[in-house]
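The following pair of complexes shares a single chain, chain A, combined with chain B in the former and chain C in the latter.
Showing the complex of A and B:
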């Protein structure tokens, strides 16, 4: 197991978990959010291919479209 | 084109800034900014830009002023109810800021009227500001920014969340586009109509959008590469702003910053 920060909260996940796995674990719909990993946006097509590392900082947020 | 004596007095607090000076003020005067959406963001951003001495602003909105707009769309009053927003805003801003020519386009931006708005080649617009209130229009604005090669400054606000980003495909293609961050099949839950918003929340994002726009104009390198080598030596580095996403939480008062990244599979900018 490794621990990461998901929106400032510590989360334990299995070693080798992808960004997609993290969202599944939290039952977050993939088409409802954008991801920032260690201060860099990760486009959705890359989520299955990026494995979380110990102490990664992950931010999950929705689009804001109002104005 | 030199700054006149009257302009020198009016904009003295701006010209005093070494990052602006007469050269920067002239740059503002020669700029044309296109603003899509004249609601909470658009009215305030347009007012800041007109007041700063931007030479031309084009306002685009097909909506009319409603009572529920008045708590945050401060340019409007109850006498304006039922009148087109772009039209009212243009009249009021031109009255207050005589140095600024303001054009109103009283229709919603749509795939059908983009040719009309972007008829001149190369584009007459120096910046494209997205102040719209829905996701579909935001995708269309992004597409036009790419097609026209204009820097996009996109702001949004709803509930206690605000987002701001600027991108230019020609200058920093590695940052991708709005669609790389938010693909068009995303589900959108946060709009002002469905979850509400406070006036100062929108005002915060509008101020940041206007400031970012002025900063980008001061760095011509970011707008039109190697157009003017002397003007490019300003101290503002627009490259620090381009390709960044800023998120503001108005409940916790926190700002977060992230670098945008191109999606190699993006159907809009990688096509």
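Showing the complex of A and C:
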């Protein structure tokens, strides 16, 4: 197991977990979210292929109402 | 028909999704307004409360999404927000807004122009929210913005077209669509904006904060249509003195 920071929460996940796996674990729907890994926006197409590393900072952004 | 980038709109009323009492009210009001383009914001997801459920119903209705960069205080943050929203929503459309001052939310022209240049080069369809500055609007057009969105008055203030003389200049000069954004507080003000020749208006607070947002959405739709029709028909000229509409001779003093 490794631990990462997910929107400032510490989360433990299995070694080799992808960004897609993290979303699944947290039951966060992929539609309408964006991921920022260590301050870099990650293209959606890369989510299944990027494996989390120990102490990674992963941020999830979503859409909200606005003008 | 209004065309921005490669998209045509039959409605010239764009709406925001903020400040509504709930999602149901927002969706009903947007439907009543016939708006085909709505603005959205991006925010860090609160893992405890989850996300707003506004995206799916808007997508199901076929409404085009215009994410904004609200909260960005400089070029870097605005470009970051644009990258986020592109990955989030799969759109390269972006409402560029950079306003570091939380009291008046005045858009920063220097940061906005610099960010617009970068985002246009990166292939975004950029709609910048700016002060009603004709020189800035021309510069934004030159760097490739698909439209310009000058303000009528401060965001959410309902003060109407305080910038009207400058909006007229922008409308006269612009080769890209002009969308009057911010401050429109009443349907009559939307009509006025359209009578001036604006290509569209963007309304949020005036609809969302109404006691009956659905009815107000409908009112704005009618107001925009009326103003556009009046612009096409051509307004009469304004003069300082009276010009009689009835013959003044040949009746009592034959």
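Heads up, the rule we're going with is that the second predicted complex is superposed on the first by the 65 of 67 C-alpha atoms of A that agree within 3 Å, B and C clash if a C-alpha of one lies under 4 Å from a C-alpha of the other, contacts with A are read in each partner's own complex, and residues count from 1 in each chain.
The rule is simple: contacts are C-beta pairs under 8 Å (C-beta built on N, C-alpha and C of every residue); 3 or more make two chains touch, one makes a residue touch a chain.
Keep in mind that this is a model prediction, so the values were computed, not measured.
Participant: Scan A:28 for contacts with chain B and chain C and give back first, second, both or neither.
Facilitator: second
Participant: Contact-wise, after the overlay, does A:6 reach chain B, chain C, both or neither (first, second, both, neither)?
Facilitator: Once the two structures are laid over each other on A, A:6 reaches chain C alone.
Participant: Mind working out whether A:44 is in touch with chain B, chain C, both or neither, as first, second, both or neither?
Facilitator: Touch status of A:44: both partners.
Participant: Using the touch definition from the top, say if A:60 reaches chain B (first), chain C (second), both or neither.
Facilitator: In the superposition, A:60 touches chain C alone.
Participant: What residues on chain A does chain C touch that chain B touches too?
Facilitator: Overlap of chain B and chain C footprints on chain A: residues 29, 31-32, 34, 36, 41-44, 59, 61-67.
Participant: Looking at the complex, which residues from chain A come into contact with chain C?
Facilitator: 6-7, 9, 26, 28-29, 31-36, 41-44, 59-67
Participant: Spell out the residues on chain A that touch chain B in their complex, using ranges where they run on.
Facilitator: 29, 31-32, 34, 36, 39-46, 59, 61-67
Participant: Residue numbers of chain B touching chain A in their complex, please.
Facilitator: 37, 39-42, 130-135, 138, 155-159, 161-163, 176, 180-183, 185-193, 197, 202, 245, 247, 256-266
Participant: Per the contact definition, I'd like the list of chain C residues that touch chain A in the complex.
Facilitator: 16-20, 23, 26, 39-47, 51-52, 54-56, 67-68, 70, 80, 83-85, 87-90, 155-156, 202, 204-205
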